[in-house]
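What follows is chain A paired twice: with chain B in the first complex and chain C in the second.
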Partner chain A sequence: MTETDGQLAEMLESYPETVKKNRKKHLVIKNEAAESCPQIEANTRTIPGIISQRGCAYAGCKGVVVGPIKDMLTITHGPVGCGYYSWGTRRNKARADKTTPKDQVYSQLCFTTDMQEPDIVFGGEKKLAKMIDEVVALYHPRAINICATCPVGLIGDDIGAVAKAAMERHNIQVLAYNCEGYKGVSQSAGHHIANNTIMEKIVGTGTERKPGKHVINLLGEYNIGGDGWELERVLTEIGYTVNCVLTGDSSYLNIKTLHLADLNLVQCHRSINYIAEMMETRYGTPWLKVNFIGIEAMNQSLRQLAQCFGDPELEAKTEVVIQRETARVTAALDQYRKVCAGKTAFAFVGGSRSHHYQYLLRDLGMEVMVAGYEFAHRDDYEGRQVIPMIKTDADSKNIPELHLSPDPEKYREAHEHLSITKEQYEELKKEVPLSYYEGMYPNMKGGEVMIDDCNHHEIEELVARYKPDLIFSGVRDKYVAHKLGVASKQLHSYDYSGPYAGYNGALNFARDVTNALMTPAWNLIIPPWEKNGNEGSENHA
Partner chain B sequence: MPESIPEPAAVHTTGKINPAKTCQPIGAMYAALGIHGCLPHSHGSQGCCAYHRMHLTRHFRDPVMASSSSFTEGASVFGGAANLKTSIKNVFAIYNPEVIAVHTTCLSETIGDDIPNILKTAEIPEGKTVIHINTPSYQGSHVTGFAGMCKAMVSYLSTSDGFQKDQVNVLPGFVNPGDMREIRRIVNELGVKLVMFPDTSGVLDTPLTGKYQMYPAGGATVAEIRDSGNSSLTLALGAFASNDAADLLQEKCGVTGIPLKLPIGLKATDAFIMAIRDWFGVEVPASLATERGQVVDTLIDTNIHYQGKTVAIFGDPDHVIAMTEFVLTLGMVPKYILTGTPGKAFATEITKMLEEAGITGSKVKAEGDLFELRQWIHEEKVDLLIGTTYGKYIARKEDIPLVRFGFPILDRAVHPLMPVVGYRGCLRLIEQISNALLDRRDRDSLDEDYELVL
Partner chain C sequence: MSHNTAKQVNENQCQQCMPLGGVIAFKGIENAMVLVHGSQGCSTYMRLVNVEHYNEPVDIASSSLNEKQTIYGGEANLKKAIDNVLRVYQPGVLGVVTTCLAETMGEDLDRIVADYRKERGETGIDIIPVPTPSYSGSQTEGFWAATRAIIARYARATEKHDRINVIVPHISPADIREIRRLLDLMGCAYTLIPDYSLTLDRPAGGKYQKIPLGGTRTEDIARMPGAPLTIQFGETCPDELSPGRWLEQQFNVPLVNLPLPTGVEATDRFLLALQEFTGRPLPEALALERGWLLDGMADAHKYNAEGRAAIYGEPELVYAVVRLCAENGIAPAVIASGTRTSRLAACLEPVIANLDERPELLEETDFATIEAASLRAAVNLAIGHSGGKFFTERHGIPVVRMGFPIHDRIGGQRILIVGYAGSLSFLDRLTNSLLEAKYATYRERIRHQMGITGGI
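Here is the complex of A and B:
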C-alpha cells in the first residue's frame, strides 16, 4: 500500500490553519527512492487543546527512569496526585536478590509529601525534610530520591538544599530531581533530568566490579513484565555478567558501579542515550544500540554484542544459544504465524518500541503501516547523524546539559574496555555500529507512515484510511480501538502479560497478539436480528 | 511492599505513604464526563491530563477523552491565558463538543490563573458552553474535585424559570455508570420524573458496535441540568460528593435539597426510596417491595457466613460511610474505618453509627493512608478488608480476603457496569462478602473439615 502526500494531507483538512501547518511537519511517508529520511518535526510543543498521548517531565523522570530503582526510596514532593498515579502502574518488576533483601525493595510503595495549601503559600521544604527524617527512621534506605512536581519549582522550594542537608544528617545519598511537569514538552525532559542526576551523583561511586570475563550493562530496559529477566537469562547463559539493568530491577548498588562494566547496551534509545553518551565521554565506555524484540533482531544484537569482545569462545557460545533458542521458538511460532500473517498494525509506543516491535511483527508475517512516538526526538526517527543539526528551542534550553570531560583516573579507551587491540577496535567499528542508532526510518517500507506526537483525531483518521487489524498503543487509545472494532494491545503494559522481549517473550507476544485478533467475540458484534435471514444462525455454531 | 514492619516507635506523621486519596482534578474530569457531549479540559501541563485519563480508563475500561492546556515553562511563568484560549478554539474546531468543562491543576492554581476572566475573552461558538471549576490539587481530594464540578454545573447551568415541576434532581455521587443506571431504574419504578447529573451511564459503559462515538448517547444534557432549577426536590447522595451542588441549587433556584447517604445497603436504599415517596406522595410499587424482600430473605439466610466477623473498610468517604452502615446491617464488626479524604463529618458520622450499634474499640480516621491502615491490621487482624484495588497489598501481606469496592478498581473488570446501589446492589455485595469469607474458609480448611455444603 502506498500513500501520497496529498491523500494523507486530507486527514489534516478539518484542522484550523495553524494546527494544520504544524501537524504536517510531524508526518513523514517513507519513500524508498529517497536516500535519506526527510526531516520530521519532533520534541516540539504540543498545541494546546490537542488530545495528545504525551505525559510530562515528572512522568519521564520519576515514572520511567528513577521510580524502578528498587532500593532507593523515592519521595514525590508535591500534592498527592503525581505520586499516586505513578504508583504501581508501570509494571517495572523488581525482586529481592543477594545484595538487596526484601525489606529494602521500595519500588512498590508510594511516598508523597501530599502538599497542602499552607505548604504552597509558605513553602514545603520543612515538610519534605521532616518526611525524609521519618522515612529514614522507618525504612533505613540506602539512598533517597526526591522528585519535584509542578508547584515545587513555582514556589521556589529548594529541594537541592533540602537534599544536601538531609544527606549530612543521615549520611546517605539524597538526590533531588527538578522534574517539574511543565519542563520541556513531554516525558523526554524528565528522562534527561534523571539521566543527568544519576550520572553526576551515582555512577562512578562504587568500587567493586562484579566478577566475570565480560561485564555489561543493559541500559534503557525497564523490566516491564519481566523483559529484563528474560534477557538476563540469555545473556548469562552465553557468558556475560550483567552488572546492571537500568533501571528495571536495578539497585542503587549496581548503578554505583555502572562504570566498571566493559560495554553498555542501549535498548530504549530515547530515555537513556544520555547516560550512554556521558559514560563514553567520562569513562570511555563504548555503547551498542541493541534490539532484543523479535527473533531475528535478538539474534543480530547478540551476534554484534559477541563481536565486540573478539572472544572466539564467546562467539561460539552465542551461536549455540542462538541456534537452540531460534529452533525452539521458531517452531512454536508457526501456529501463530498462520493467524497473524498478512495482518497490519499501527504502533504508537515508547522511546524505541515502535521501531523494535516492527521486527517481531515481521517474524509473525505482520507489517506496521503507521508508527510513531509520543516523546521522541528527530534522531529516534532519522538516526543519530541528525543530532548536530537539531536546533535547540526555548523548551529544550531549559533542560540542563551536562558537559563532562574524561575522568582523569577512570577513563580508559574503548578498546581497553573491550580487552581488544586498538586495531581490532577500528575493524570492529566498521562492522558493528557502536555509539550509533539508525532510528526507525531505514527499517520502514515504502508508503509506510511515521507520525510524531500522534493525537486522537489523527488516530481516528488513520484507522479509517488504513483499516489496520491491530493497534499497539497505550491504555488511553486501547478502548477507542475496540469501539472501532479494531483489536488492540497495550505496549506500555503488555496488557499485564509478558515478558515480550527475547525468545520466550516472542512466544508470549505471538500468543497474545493471536488471542487479540482471534477472540471469538469479534464475530458477535452484529446482533443476529440485524443480519440477513440466512446468516442469523451463525451464533449457534 | 517491604516485608518488615517498621518498629512501633517509628512515627509517620508527615506526608503520605501509600495514599488513600488522589487529587481533585481527576474527580472533576470524571464528573464532567457525565454531561452529554462534554469534553473535560485540564488547565495545566499535559502530564495531569495524561494521568487522569489513564487512571479513569483503567477503572472503566472505556475511552476517556479530555484535552489539556499543554503548559510549558513559558506558560508557567507568564500565565496560561493564551494556552486556555488557544485550547478552547482548537477543541471546538477539531473535537466539536457541546460543552467544555475546564478544571484547574496545582500548576495553574499556583500561578493564579483567573479562569472566569480568561473565559470572558475566549472564542466560544454560538450555542456552545464552557463551564469551569477551580480544583487545586493541594486541597481536598478527588472527591472534592468531583463535588466541585457538580457545583459548577449548577452555578453555570441550573436556572429557575419561576415555577416548580414535579420532578426530582438526583446528584448520584462519585459512583459507577452501573450505579447511575440503577438509580435511574429505581426512580423510574417509583414513577417520578428524574433529572440526574452527572450521569456517566451511556458514556463510560457503552456497547461495542464497531462505531466509535466521541460523545456517546449518555450523559445529562445541558437542557436537563438547566431544568434542574425547576425541580421541586434535590436528593444529594453522599455528602462529600453532592452536598455542595445541592446547597447551591437551593440557594440559587430555591430547590429543596435533602442530603442522603449513597444508597448502598438496605437502610440507605430504604431512605432513598422513602425520601421520594414522602415528597411526591407516590406509592412504592410491588416490584421494589419484592426486591427489598429478597434482600431481607438473603440476609436472614446467609448471616451464618459473616455475622460477627471483623472488617476493615477504606476508600472514599461517601462509599465508606454507606458501607459501614451496611456491614452493621449484616451484623459484622467494622473495626478500622479510614478515608484519605479530609473532612470532620466522616468521623462524626461513622462514630455515631458505631455508637448506635454498641461497637467500641474501632479506629476511625479521615485523611489517613494505607501505611497506617496496614499498621492497624498488623497489630490486630480483621477477617475481611473492603476497599479499592490498592488494598491488595495489605490483603496479601496480612493474608486477609479483599472485597473490591469503590474507586479505583484497576485489577478486576465488569464492576463499573454492576450496581452496588439499591436492593440489587445489596444482593451483589452480600454475595461478594459471603463468597470472600467462604473462599477463605475453603482454602484454610483441613481435609476433614472441607465441606460440600456451606
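Here is the complex of A and C:
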C-alpha cells in the first residue's frame, strides 16, 4: 500500500492547528526513492492533553533498568502508587544461582517509603534513612537502589546524602537515582539516569573475570518471559560465556565486572546505548547491535558476533547451531505461516522492538505497515549517524551527561578486547557494523509509515485507514484494538507468554500470533438479524 | 492496631494512589473525560492498572508536566491540555484530578480553571477540579472525594421528588448492575452515582466511540438534593469524605448508610429499607433468590466452618466480605486494608464481637505484614485483589479474587458479590476454593495420620 502526505494529513484534521503542525513532524512515510531517512521529530515534549502512551523518568529508571537487577533491593522514595504500579508489571524473570541464592533475589518485592503529608511538609529524609536501616536488618542486601518520585525533587530531599550516610553505616553500596517523573520528556530520561549511575558507581568495581575464551555481555535485554534465558542457551552452546544480561536476571556482582568482558551486545538500543558507548570510551570495549528476534535476524546476529573474534572454531560451531536450530523450528513455523501469511500489522513498542519484530513477522509472511516508538530518539529511527546533528533541548540538557575518559589502567584497544590484530579489526569493521545502529528506517518498505509517540486518537485513525489484522502494542491500546474488531498482542509483557526471542521464542510467538488471528469472536460481531446493512453498534444489548 | 507500627518500610503495597480513585469516579459520569494534572507517568500508570483490571480502553489525559513547569508552574500546560481534550473528545464533563507533583508544586486548580473559563468564554463543558495527592490518601479516599466533588458541583436546591439517591463505593460494574436490578425489581426510581457499569464494561459491537455510552446523567445529579432519601453503601466512609453526609448536611436529604448488600443480612437490610420506602412487599423473584442463598449457605456450612480467611483490600469491600464470612462460619482471621482513613475498625466491632476468636485487624498495612499475620493465624483462604498473589503463591494459600485491581486473571469487571444471587455465586467460589484445597491434600493427610500406605 502506498500512502501520501495528504492522506495521513486527514488523520490530523481533528487537532487544533498547533498540535497538527507538531504531530506532522513525528510522521515519516518511507520513500524508497529517497536516499536517506527524512528527519523525524522524536524525544521532544509530549503535547498536554493528547493521550500519549509514554511513561515517566521513574518508569524508565526503576521500572525498566534498575528494577530487574535481582540482588539489589530497590526502594521507591515517594507516596504510594508509583511503587505499586511498577511492581512486577514487566515480567522480568530472575532465578537464583550459585552466586545469588534465593533469599537474595528481591525482584518480586516492592518497597516504598509511602510518604504521607507530614513527610512532604517536613521532608522525607529521616524516613528514608530509617527504612534503609530496616531493609538492611531484614534482608542484608548486597546493594540498594533508591529511586525518587516527583515530590522528592520538589521538597528537596537530598537522597544522595541519605544514600552516602547509609553506605557508611552499612558498608554496602546505596545508590540514589534522581529520576523524578517530571524529568525529561519520557521514560527515556530515566534510562539515561540509570545508565549513568550504573556506569559511574558499579561497573569496574569487580575484579574476577568469568572463565571462558569469549566473554560477552548482553546489554538491553530484560529477560521478559525468559527471552534472555533462551538467548543464553544458544550463546552458551556456541561457546560464549555470558557474563551479564543487563538488566534481565542480572546481578549486582555481574554488573561490577561488565568491563572484564570482551564485547558488549546491544539488544534494546534506546535504553542501554549509553552504557555501551561509555564503556567503549572508558574501557575500549567494542559493542555490536544485535537483533535476536526472528530466525533470519537471529542467524545474522550470531554470524556477525562470531566474526568479531576471528576464531574459526567459533564460526564453525555457530554454523552448526544455526543449521540445527533453524531446521528444527522451520517445519513448525511453516504451519503457522499458513495462517499468518499476507496479514498486516502495526507495531508500537519498545526502544528497538518495533524494529526487531518486523523481522520475525516477515519470517511468518506478515508485514508491518505502521511502526513507531513511544520514547525513542531520532537515531532509533534514522540511525546513529544523525546523533551529532540532534539539537539538544532543555529537557535533555537537564539529564546529566557523564564525560568519561579512558581508564588509565583498565583501558584496552578494541582489538585487544577481541584478541585479534589491529589489521584484523580494521577489516572486521568493514564487514560488521560495530558501534553502530542503523535505526528502523532502512528496514521499512516504501509506503510504510513511521510514527513517533503515536497517541490514542492516531491509533484509532490509523486502524480505520489501514485495517491491520493485528496490533502489537502495550496493554493500554490492546482493548481499543479489540473494540475495533482487530486482534492485538501485548508486546511489553507478552500477555503472560514468552519467551519470544531466539529460536524457541519464534515458535512461541508464531503460536500466539496465530491464536490471536484465529479468534472466532471477530466473525460473530454482527448478529444474524443484522446481516444486511447495519454494521452493529457499540451497545448491542 | 498493626503490631509493628514503628515500621517505616511499606513492603508490597496493598493500596494504590488517590487520583486513581478519582479517575474511576469520573468514569461513572455520562459523557465525561478525565485529566490528570501532573507528570504523564501518572496517567500512564493509572491507565495500565485500570486497563488490566477492566479489560477496556480507559482514556486518561495528562497535562504532561516537565521540569520547567516545576519551576514556573503548570498553568499553561493544564490549559493546553484542557483545550486538546475538549477538541478531540468533546466531553460534557471534564474531571481534573491532581497528583503528588501538582499539589507539592502548590498548583491552585480552582483559580486556573476559573481563569480558563474567563479566557475561553462559554465552552459548554463543566470542569471539575479535585485535589487528590497520593500522600493524603489511597484510591479509596480519591474515589469518595471525587464523587462528593461531582455531586457538590451539580447539586442545587430543587423541588422534592421521589427518585432516591444511591451512592456506591468502588465496586465492580457487575455489582453496580446487580444493585440496579434490585432497585428496578423493587420498583424504585433512583439516581445511582457513580455509574460506571457500562462505561468500564462496554459491550463489543464492532464500533468504537471515544467516550463510551452510560454513566450518571448530570441533570439527575443536579436533582439529588430533592430526593426523599440517600442510600449510601459507605459505612466505612469517613464523614468528611462522605457524599451522602454532604447531601444530608447541605440539603437535609435523609442518609441511610448501609453495608454493601453482600450476604443475607446485609441484603435484607437494603431491601427492607426499600420496602419501607416504597411500601411494596418483596417481589417473588427476590424471595426465591433469598431462599436459594439460604439453602446454599446451609449446605455449605460444614465446609465453610473449616475456613480461616485473610481478607484484604479497600475498606468497604473488606467490611462486606467479613460480614459474609462471619455469616457463613468462615473465620475472618486476618482483616487488612492499605487505606488509612476509614471507619473500618468501628464498623467491624459489632460483627467481630461475637466471634469465637478475635481477628487480627491491620489498617494502613502492607502485604509483608498481612503475610506474617496470615501465617501466624494459619489461614487457608485469602480473599482480595491480585496484589496478594505473591504471598499466597509462596505459601500455597488459595486466593479468591475480588476487589481492585485484578490483573492476573480475566474479568475483574464481572466479579459479583452483591445481592442474594451474587452473594451465593461468590460464596460458592469461597466454598469451592476450600474444597479444592481439601481434595488436594485431605486424603494424604489422613492416610499419613492413620499410617496407611498404598491404599487407593
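Convention: the second predicted complex is superposed on the first by the 531 of 541 C-alpha atoms of A that agree within 3 Å, B and C clash if a C-alpha of one lies under 4 Å from a C-alpha of the other, contacts with A are read in each partner's own complex, and residues count from 1 in each chain.
The rule is simple: a residue touches a chain if its C-beta (ideal position, glycine included) is under 8 Å from a C-beta of that chain, and two chains touch if they have at least 3 such contacts.
Computed from a predicted structure; not experimentally measured.
For the composite obtained by superposing both complexes on chain A, the positions of chain B and chain C are in clash. After overlaying the two complexes on the shared chain, residue contacts for A:Lys102 are found with chain B alone; chain C is out of touch.
By the touch criterion stated above, A:Ser14 is placed in contact with chain B and with chain C alike.
Once the two complexes are laid over each other on the shared chain, residue contacts for A:Pro151 go to chain B and to chain C alike.
By the touch criterion defined above, A:Gln335 lies against neither chain B nor chain C after alignment on the C-alpha atoms of chain A.
Legend: residue contacts after superposition of the two complexes on their common chain; A:Ala137 is shown touching chain B, with no touch to chain C.
Legend: residue contacts after superposition of the two complexes on their common chain; A:Gln323 is shown touching neither chain B nor chain C.
By the touch criterion defined above, A:Asn523 lies against neither chain B nor chain C after alignment on the C-alpha atoms of chain A. In the superposed model, A:Thr113 makes contact with both chain B and chain C. Residues 14-16, 19, 45-59, 75, 78-87, 89, 108-117, 119-120, 127, 130-131, 134-135, 138, 149-151, 153-155, 180-186, 394-395, 398, 456-457, 460, 474-476, 478-480, 482-485, 525-526 of chain A lie at the contact with chain B in one complex and at the contact with chain C in the other. Across the interface of their complex, chain C is touched by residues 14-16, 19, 45-59, 75, 78-89, 108-117, 119-120, 127, 130-131, 134-135, 138, 149-151, 153-155, 180-187, 394-395, 398, 456-457, 460, 474-480, 482-485, 496, 521, 525-526, 535-541 of chain A.
Those residues of chain B whose C-beta lies close enough to touch chain A in the complex are 1-4, 6, 10-19, 21-23, 25-26, 41, 44-48, 50-55, 57-58, 61-76, 83-84, 86-91, 93-95, 105-107, 110-111, 136-139, 141, 206, 208-213, 340, 393, 410. By the touch rule above, chain A contacts chain B in their complex via residues 14-16, 19, 45-59, 75, 78-87, 89, 102-106, 108-117, 119-120, 127, 130-131, 134-135, 137-139, 149-151, 153-155, 180-186, 394-395, 398, 456-457, 460, 474-476, 478-480, 482-485, 525-526. Contact residues on chain C toward chain A in their complex (touch as defined above): 7-13, 15-20, 35, 38-49, 51-52, 55-70, 77-78, 80-85, 87-88, 99-101, 104-105, 133-136, 138, 198, 202-210, 212-213, 338, 366, 387, 390, 408.
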